[in-house]
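Dropping the structures in below, format is C-alpha cells.
Common to both upcoming complexes is chain A, partnered first by chain B, then by chain C.
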Partner chain A sequence: MAEAHPVGFQWVMEAKRRGATIIHVDPRFTRTSAVSDVHVPIRAGSDIAWLGALVNYVLSNDLDFREYVVAYTNAANIIEGRFQDTEDLDGLFSGFDPETGHYDPTSWAYQPDSAQQVEDDAERDRAYGDTPGSQESHQSARSESHGSGGAPVRWKGRRDETLQDPSCVFQILKRHFARYTPEMVQEVCGIGPEQFQRVAEALTRNSGRDRTTAFCYAVGWTHHSTGAQMIRTASILQLLLGNIGRPGGGIMALRGHASIQGSTDIPTLFNILPGYLPMPTASQHQSLDEWVRDDEGKAGFWGNVRSYAVSLLKSYWGDAATPENDFCFDYLPRITGDHSTYTTVKSMIEGSCKGYFVVGENPTVGSSNGKMQRLGLANLDWLVVRDLQMIETATFWKDSPEIETGELVTEEIGTEVFFLPAATHVEKSGSFTQTQRMLQWRDKAVDPPGDARSELQFYYDLGQRIRRKLAGSTDEMDRPLLDLAWDYPTDDEGDPEGEAVLKEINGTGPDGAALASYTELKDDGSTACGCWIYCGVYADEVNLARRRKPHWDQDWVASEWGWVWPANRRQLYNRASAAPDGSPWSERKAYIQWDADADDGKGKWVGPDVPDFIADRAPDYVPPEGAKGPDAIGGQDPFIMQTDGKGWLFAPLGVADGPMPAHYEPPESPVRNPLYGQQNNPSRRKVDHPANPINPSFSEIFPYVFTTYRLTEHHTAGGMSRTLPYLTELQPEPFCEVSPRLAAERGLTHGDWVTIVTARAAIEAKVLVTDRMRSLRLGDRFVEQVGLPYHWGGNGLTTGDSPNDLVNLTLDPNVYIQDKVGTCDIRPGRRPRGPELTAYVEAYRRRAGVDMAHPEDGGADG
Partner chain B sequence: MSIFSERSLWGRLDDVQHDAGYDEDHPPRMGFFTDTSVCIGCKACEVACKEWNDVPDDGYLLTGMSYDNTQALGASTWRHVAFVEKSGAGAAPAVDLGMPSFDLPGAHPHGEDQATESGDGALRWLMSSDVCKHCTHAGCLDVCPTGALFRTEFGTVVVQPDVCNGCGYCVSACPYGVIDLRKDDGRAFKCTLCYDRLKEGQTPACAQACPTESIQFGELSELRERADRRLEELHEKGVDVARLYGRDPEDGVGGDGAFFLLLDEPEVYGLPPDPVVPTRDIGSVWKHVGIAAATLFGVGVASFVGRRK
Partner chain C sequence: MAEADRNRTCLTRMPGHNGFEDRARHQTRYASATHLRRLIGSLCFRRPCRGYIAEVNAFLGWPAIRQATGRDRLGRGAAAMSKRSETLEPRTVKADKVVDSVCPYCAVGCAQKVFVKDGKVAQIEGNPASPISRGRLCPKGSASKQLVTSPSRVTKVRYRRPYATEWEDLDLDTAVDMIADRVIKTRKQFWEWEADGNRTRRTMGIASLGGATLDNEENYLMKKLYTAMGAIQIENQARI
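Take a look at the complex of A and B:
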C-alpha cells in the first residue's frame, strides 16, 4: 500500500502511531513491509490457502464473534440437501458441468422456510413461462452486477440459530475449511507455522466487541484466476470476526487509479449500467418487465430496482421515454455473452471487432499478453487513442516488438490510427470516486494546452456531430441517438459543465429540481436519475462532492468532506455496529445505535454517521409474511442490499466458481495443489489462441514463479511517468528482483542484464539481487519468485521490454480479469534480437512440451 | 561582530540570526525535523523539491543501490532519499558500526536462513530523506568569498546563484558533502529551505508533499521538543535503536537547522558520525598566525638589534 498508494498510506501510519499493529502479506518485501510490524512473504497466488487457514483457525478455536455471526450472517441458514462440497468431490462443488466449465448453482440454494414458499415461487415462474430455478443470476457475466449487493435469493430460508444442524452454513464452512491447516499453509504458501500463529493471534485478539480489524487489498488479490474468491475468503473471515459494518473494520479495495471505483459505479464495463443495474441480455430481456423481474420486489432496497431502472432510462432519453414505450427500454443495447476486454481483443484478432477507442489506458503495455493486444490492434479498421502522451498503444504500428521480429510489418497494417490529445485532471473539472465510495470534486486549475480536450467534451462533441449527421433520419435504428436528452450548458470552449452532468447523475424530480435521496425515485417516469446510488450528491442544488470542511472543524466521522454513496454513509452496513437489540457492542466501538426514546418514543437510529438502515425500523421488527422491498428488511438484518439482509459466509448464488472459496493453483504453477486433486480453478476462462500458450505446470523448463507489480515512482503503464524527467530519474530502467539463492542457481549478477522467458515471450531487464525477495520453503523444496515491475515499454524517456508480454490470459470467471502469476525461466544476459527472438521462445515451447494444438490448457488438468 | 570571533564559528549559538546581524525581532529560526521512522520512501519530497525549485534532473542511471537512483545530495538533488537494505545478523540493532555496513547482494546464496526464517523481521529496509542541514555554523557560508551564501532571517543558509562565481570553496567546507557545483553551469546549488515559500509564510515543498509527516517543518525550538518526545515514545516502545542526529546544539556544527531521527548509526545512512565545521579552528589558527608573526617580528627586530652591536 505504501508502494502503490503512498498518500492513502498516511492513514495507516496514523493508525500505527495510535497503536495499531500493521501486518503486511506480500511476496516481496516492499516499502509497506519496511514500516509494518510483521511482513509475511507469501507465494504469489496462494492467498486462499492462507486466508482459508485463518478462517479454519477462527472456526476450530471458537474465536468467531458468535452473537454477530448468528444474528447478522447466513451461518444459520440450512443449505439444500443436494449440495456437495469440494470435500466430497475432490475440489469441485456440486453442479459443475465439465463441458462448459459452468456451475449450476441450484444445489447451493437455501432450504425454503416452507413448502408454501416453494409453491408460490413456482407459481411466479410459471406466470413468466419459466421452469423453476432457471434464473441466470449466477452466470458469470452477471456476477459483477451485484456490486451494490448480493444476488437475489428466492427466499430467506430456514435457519438453525444453534448452528448445530450439519446442513447449516456454519457446519458446512467448518468442514470445508478443516483441511486449511498451518501445515498446509507451509506447504502451499511457504509461510511457517510460527508466523501463521503470530498473525492468527494478532488478528483474533484485535477483533470482537471492543476491537476491530481492517483489511486492505489491491490487485495482489484481484488479478488471479481465483481473484474474486480471494476477496470472498477475506469477507468470510471478516464476517466471522464481526469486522464488517463497524468502525475500524471492513475490507478496503485499493483501486488502481484515482477513480476506478467511479468507473464501476458509472461503469466502463460491458455487463453493467450505472448503479450496478445489469446490462440486459438479448436472450432474456425483451421488455422492461423481463429486465427487472429477477430483482424486483425482493427484500431490501435492491427490490426497488424498477424505480432505478426507469429513472435511468428517463435520464438517457428524457421526454421520449414514456410508460407506453417501456421508457425506451428497447433503445438499450443487449449483450449476447462475454464482451470483456480480453474477449474483445480476441475478436479483434479474429476480425469481428473493427474499431476501438482507447482512452486513458495503454493496453499494449498495461494489459496482459501484450502480443495479443498488438496483433488485435493491427487487425482493426480504425483505432482512436486519447492520451496525454504518445503512448505505445498509439505507435504499435511502427515500433512494437513484433515489428522487430518481423511478425508484423508496418506496410501491411491497415489500421487507421487517430491520436487525440487529452486534458489532464487539472485541466478539467469533475469528480473522483475513491475506495471509500467518496466523491471528491476538483475544479479546473488551468486550460488544457493546444487541442487537448476533456473526455466530456470529446464524447459530447462526437455525439452531437453524429446526431447532426443523422438528423432527419427516419430509420428506427437511429432513434436511440437522436432521442438522447443531451442539452448541457457549455463553457466558451464548448466544454460541457461537469456540474450539470453531476446533477443529471444525482437525479431530478418532476419539477426539474435535484432529488435528495434514492428513496424518492419512482417507477412511473416522474423522476430521472443517471445513477441511483449517487442520488443525493447534488441535493438542494448543492454540489456536495465539492465540500472541503477540514476534519478539525467537525466530528471524527467528518461527514462534510466530499460525499459518499449511498446517502453520504461513511460506513456501509453500519446497523451491524450495534448489537441485535440496537445497543452498541461496546463503548469503545459505539457508532450507530437505536434510541428508543427519540421521536416521541417512536424511536430511531442515531450516531455520528448516516444510519445504513431504515431510520425508524425498530430492532425487534419482524417483517410480515409476503412483505416486499424495504418492508421485508427485519430489524436485525443489517445487510440491506442483500435480499435476505444477511452477510454471506456462503454464497447460495451469484459467484461463478463456487459458493465458498477453494484454493486452486494459478494456471501456471511449479506446485501440485496439495489441497485437492483439482489443480486449477475449474471455472477459469481460457483464452484459446496460438499467441496465448500456457506453460505446462511443474515444468522444469519454466521452474520459477513470476509476478508483476508496481513501483511508487511510476504510474501503471508508464504514460504519465516514463515521460517525465523527475519520475524517470527515480526509476530509470526496467529491472526485475530475485533472491540471492535464485541468483546463485542461475548465475545472475546484481545489476547485469537478464532474460526472462515464458511460452509467450522473452524480455530483458536488469536484475536486482536482494534479500527482499525471499526463497520460500514449501515442505522439502524451495520455490523462487521473480518480481517484475511492469511500467516499461518502447516510448518515453526510459524504455524497455514490457513485463506484461510475459503474462498469460487465463481469466477469473466472475470478472474476467487475468492471472498475473505465471511460471518462467530466467537466464543471464540480454535476449536475442529480431527473428532470433521468435526462434528462442519457440525453442522453449518445444522443450517444455507446450501443446500448440491446445495452447490454452497448460496440460495440468485439461 | 568580527569574523575572528570564536563564538560565531564554533560552539553553541542560540540566536544564529542575531549573530549574523539581524535585529533581535527577527523571525524564529525555522527548520526541518525528518523522522525517518515513518518514512515510506515515496520520494515525493525529491519530486516536489525539483518541481518547486526548478531543479533539473540528475541523470538516468540505475545504480543497483536498492531503490536509490539519485545516489546523494548534490547540485541537482536537494532532497535525497536513501534506501538501506539490512539483512541477516546485520539487521539486528547495530552496536559498534564504524562503517556503513550492509550485506552485499548475494551474501546468502543458499537461501537457508531467510527461507526458514521468512518474515522473521530479520530484514530491515531503512529509508531516510536527507537534506542540507542548515548548520548553526555553516562552513559553506563562512568560506564563501563572494557573499553568495548568506544567512536568512529564518536562520537558514541560502546560495544566491547570481552572485556565486563557482569557486567551489563551499564544496570542501561542507562537513556533510551537501553543496555542490552543477557541472554544466559551474555554480554551486543546494537546498534553500524554500526561502521564497518561507517569505510567503508557506511550508517548504518537500514537507508539504510528505504524506506521512516524516518531514516536519516548523520553528526549530518546537521541532526539537517534538523530536525529544518522539524519541522518548519510540524508546518506550522498545525501539532502542532510535536516536536523534543533528539535534545537539553543542555538536561540531553547533546543531543543525535540519535534523533527523534515525533508526541506526548515521554511517548506515551515509551521514558523518561526528561532523565538525572546518572553520572551527580558524580563530585559533589566526591567533597562532598572529603569535607566529609577532614572534617572527620579534626575532627579526632582535636580529637587527643584535647587528648593531
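Take a look at the complex of A and C:
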C-alpha cells in the first residue's frame, strides 16, 4: 500500500501511531513491510489457504463475534439437504458439470421457511413459462449478468439461531475449513506456524464490541483464477469477527486508476449498465418484464430495480421511450455470455471483431499475454487510439516484439490506425470517483493543446456525425442511434458541458429539475436517471462533487468534501455499527445508532454519517408476510442491498466457483495442491489459443513462481509515467527481484542482465538480488519467486521488455480477470534477438512437453 | 490573484504544513546564529577589526556551520538556504489563477491545486484542505505538471494507412469523420439480429477498451453511444 497508494497509506501510519498493529502480507518485502509490525511473506496465489486457516482458527476456538454473526449474517440459515461440500467430493461442490466447467447452484440454496413460499415461487416461474427452479440453474452460466447486490435469493429462509443444526451455514463452514490448519499454511503458503499464530492472535484479540480490524487489498487478490474467492474468504473472516459496517472495519479495495471505480459504477464494461443494472441476456431477457423479474420486489433497495431500469432507458432515449414500447427496452443489445476483453481479443485474432477504440489504456503493455493483444491489433480493419503520448498500442505495427522476430511484418499489417491526442485532467472539467466511492469534481484550468480534445468532446462529436450520416435511414437497426437523447449544451468551443452530463446522470423529475435521491425514481417514465446510485450528486441543481470544505472546518467524517454514492454515505452497511437493539456496540466504536426519542418519539437513526438504512426503521421492526422491496428489510437486516438483508458467509447463489472458497493452485504451479485432489479451480475459464500455451505444473523446466506488481514511481502500463522525466529519473529501468538463494542456484549476478522465460515469451531485465524476496519453505522443499514490476514497454523515456508478455490467460470464472501468477525459468544473460527468440521459447515448450494440441491445459488436470 | 492569495493563506495556515514549519525553523536559525556571533565576538575578538567581522560572518554563513550550529541538523531546511534562495519566490506566487483538481493517477484521489500563469500550467501542488490527502502528493501526483507540459506529448493527429510503414498527418475534422464512416460500415457488416434463435440486436464488429482514466461523464457518454450502436464488447481496466 505504501508503494502503490502512498498517500492513502498515511492513514495506516496514523492508525499505527494510535496503537494499531499493522500486518503486511506480501510475497516481497516493500516500503509497507518496512513500517509494519509484522511482514508475512507468502507464496503468490496461496491466499485462500492462508485466510482459510484464519477462518478455521476463529471457528474452532469459538472466537467469532457471536452476537453480530447470529443477527447480521446468514450463519443461521439452513441449507438444502442435497448440498455436498468439497469435503465430500475431494475439492468439488455439488452441482458441477465437468463438460462445461459450470456449477448448477440449486443444491446450495437456503431451505424455505414454509411450503407456501415454494408454491408462490413456482407460481411465479410458471407465469413466465419456466419450469419451477430453472432460473437458478441458469445462474452458474451467467455470473456476468448479476447486477447490484449479487444474485437474488428466493426467500429469506429457515434459520436456527442456536447455530447447532448440522445443516446450518455455521456448521457447514466449520466442517469446510477444518482442514485449513497452520500445518497446511506452512505447506501451501510457506508461512511458519509461529507467524500464523501471531497474526491469528492479533486479529482475534482485536475483535468484538470495542475493537475492529480493517483489510486493504488490491490486485494482489483480484489477479488470480480464484480472485473473487480470495476476497470472499476475507469477507467471511471479517463477518465472523464483526468487522463490516463498523468504523475501523471493512475490506477496502484499493483501486489503481483515478476513476476506475467510476468506470465500474458508470461502466465501460460489457456485462453491466450504469448503477450495476445487468446487460440483458439474450436467452432470458426479451422484454422489460423479463429483464427485471429476477430482482423486482425482492427485499432491499434492489427490489425497486424497475424504477432504476426505466429511468435509465428514459435518459438514453428520452421522449422515444414510452410505456407502450417498453421504454425502448428492445433498443438494448443483448449479451450471450462472456464478451470480456480477453475473449474479444481472441475474436480479433480470429477475424470476427474488426474495429477497436483504445481510450486512455495501453493493452499491449498493460494486459496479460501481450502477444495475443498485438496479434489481435494486427488483424483489425481499424484502430482508434486516444492518448496523451505515443504509446506502444498505437505503434504495434512498426516496433512490436513480433516485428523484431518476424512473426509480424509491417507491410503486411492492414490495420488502419488513427492516433487522436487527448486532453489531460486539467484541460477539461469533470468528475473522478476514487476508491472510497467519492466523486470529486475537477475544474478546467487550461485549454488542451493542438488537436487534443476531451473524450467528452470526442464521443459527443462522433455521435453527432454518425447520427447525421444516418439521418433519414429507415433501417430498424439505426433507430436506437436516431432516437438517442444526444443533445447537450455546448460551450463557446462547441464542447459539451460536463455538468449537463452530470445532471443527466443524477436524474431529473417530470419538471426537468434535478432529483435529490434515488428513492424518488419512478417506474412509469416520469423520471429519468443515468445512474441511480449517483442520484443526489446534483441535488437542488448543485454540483456536490465540487464541494471543497476544508477538513479542519468539519468533523472527522468530512461529509462536505465531494460526494459519495449512495446518498453521500461514507460507510456502507453502517447499520451494523450498532447492536441489534440499535445501541452502539461500545462507546468507542459508536457511529450510527437508533435514537428512540427523535422525531417526537417516532425514533430515527442518527450519527455523524448518513445512515445506510431506512432512516425511521426501528430495530425491532419485523416485515409483515409478503412485504416487498425496502418494506421487507427487517430492523436487524443491515445489508440492505442483499435480497435477504444478511452478510453472506455462504453464497447460496451467484458465485460461479462455489458457495465457499476453496484453495486451488494457480494454473501454472510447482506445487501439488495439498488440500484436495482437484489441482486448479475447476471452473476457471481457459483461453484456448496457440499463442496462450500454459506451462505444465510441477515442471522442472519452469521451476520458479513469478508474479508482477507496481512501483511507486510508475503507473500501470507506463503511458503516464515512463514519458515523464521526473518519474523516469526516479525509476530509470526495468528490473526483476530474486532471492540470494535463487541467484546462487541459477548463477545470477546482482545488477546483470537475466532472461525470464515462459511458454509464451522470454524477456530480459536487470536482476536485483535481494533478501526482500524470501525463499519460502513449503514442507520439505523451497519455492523461489521472481518479482517483476510490470510497467515497461518499448516507447517512452525508459524502455524495456514487458513482463505482461510472460503472463498467461486463464480467467477467474466470476469476473474474467487473469491470473498473474505463473511459472518460469530464469537464466543469466540477455535474451536472444530476432527469430532466434522464437526458436528459444519454442525449445523451452518442447522440453517442458507443452501440449500444443491443447495449449490451454498445461497438461496438469482438467 | 485573489484565489492565489487565498490558497497561500491556507497553505501557511495549516499546522503541520511545511510553510508553517519552515518559518518557525527560520526564526530559530537567526536567533542562534546571532547568539553565536555575539558569543564568539565577546570571547575571542576583544578588538575585532572590520575584516575579521566580515570573515567571521562569512564563515558563520556557511551552510555546514549553520547546520552544525542551528536547529536544522539534517541540513534540509533553513541551513541549506542562501541569500539568493531566500529572495526566490515559488512559481505559485505569480499565478493568475488557482484551479481545484484531482490527481489523475491512482484511485486515492489526492486533491490538487493547479496554478495557471499566462494560460499555461505553472505548477501543480497538493491541496491541504483535502480530508483524503491533507496536501500530500506522491511522486506521480507531484510529477503531474509534466504530464501536461511534457515535450513528448502528441498534440497532432497521426494516421497510419493500411500496410504503410510511416505515420502521416491528418486533419482532426477529417479524422473524426473517417472514424464515423468506419463505425457505420463495420457496425453493419457485423450486425447480428439473432444468436441461437434469440434476438440480440447487436454488432460484434466493434470493441472498446478504456475508461478507468477518464471522467464519469465521459464513461457515461461512451457507454450510451456504444449501447445505441449495439456494440457490447466495451471494457476497461477494471477487468484487468
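The rule we apply is simple: the second predicted complex is superposed on the first by the 849 of 862 C-alpha atoms of A that agree within 3 Å, B and C clash if a C-alpha of one lies under 4 Å from a C-alpha of the other, contacts with A are read in each partner's own complex, and residues count from 1 in each chain.
In this section, contacts are C-beta pairs under 8 Å (C-beta built on N, C-alpha and C of every residue); 3 or more make two chains touch, one makes a residue touch a chain.
Small disclaimer: the values here were computed from a predicted structure and weren't measured.
Q: Examine A:287 and indicate which partner it touches, taking first as chain B and second as chain C; both and neither are also allowed.
A: In the superposition, A:287 contacts neither chain B nor chain C.
Q: Touching A:425, do we find chain B (first), chain C (second), both, or neither?
A: After superposing on A, A:425 lies in contact with chain C but is clear of chain B.
Q: Please determine whether it is chain B or chain C that touches the greater number of chain A residues.
A: Counting residues of chain A touched by each partner, the higher count goes to C.
Q: Looking at the overlay, what does A:10 touch: chain B (first), chain C (second), both, or neither?
A: both
Q: After the superposition on A, what does A:713 contact: first (chain B), second (chain C), both or neither?
A: both
Q: With both complexes overlaid on chain A, does A:774 touch chain B (first), chain C (second), both or neither?
A: first
Q: Thinking of the overlay built on chain A, is A:818 touched by chain B (first), by chain C (second), by both, or by neither?
A: In the superposition, A:818 touches chain C alone.
Q: Going by the contact rule set out at the top, does A:322 touch chain B (first), chain C (second), both, or neither?
A: A:322 contacts neither chain B nor chain C.
Q: Per the contact definition in the header, classify A:114: touching chain B only (first), chain C only (second), both, or neither.
A: neither
Q: Return first, second, both or neither, reflecting whether A:363 touches chain B, chain C, both chains, or no partner chain.
A: Once the two structures are laid over each other on A, A:363 reaches chain C alone.
Q: Which positions of chain A sit in both the chain B and the chain C interface?
A: 6-7, 10, 712-713, 725-727, 730, 797
Q: Which residues, counting only chain B, touch chain A once they are in their complex?
A: The touching residues are 37-44, 46-47, 50-51, 56-62, 64, 66-67, 69-70, 85, 87-88, 103, 105-111, 114-121, 123-127, 211-213.
Q: In their shared complex, at which residues does chain C touch chain A?
A: Touch list, chain C to chain A: 10, 14, 97, 99-111, 114, 116, 119-121, 124, 127-134, 136-144, 146-148, 150, 152-163, 165, 167, 170, 172, 175-184, 186, 188-191, 193, 195-196, 198-240.
Q: For chain A, which residues are in contact with chain B within the complex?
A: Against chain B, chain A makes touches at 2, 6-7, 9-10, 13, 17, 29, 31-35, 38-41, 190-192, 195, 711-713, 725-733, 735, 739-744, 750-751, 766, 768-772, 774-777, 782, 797-798.
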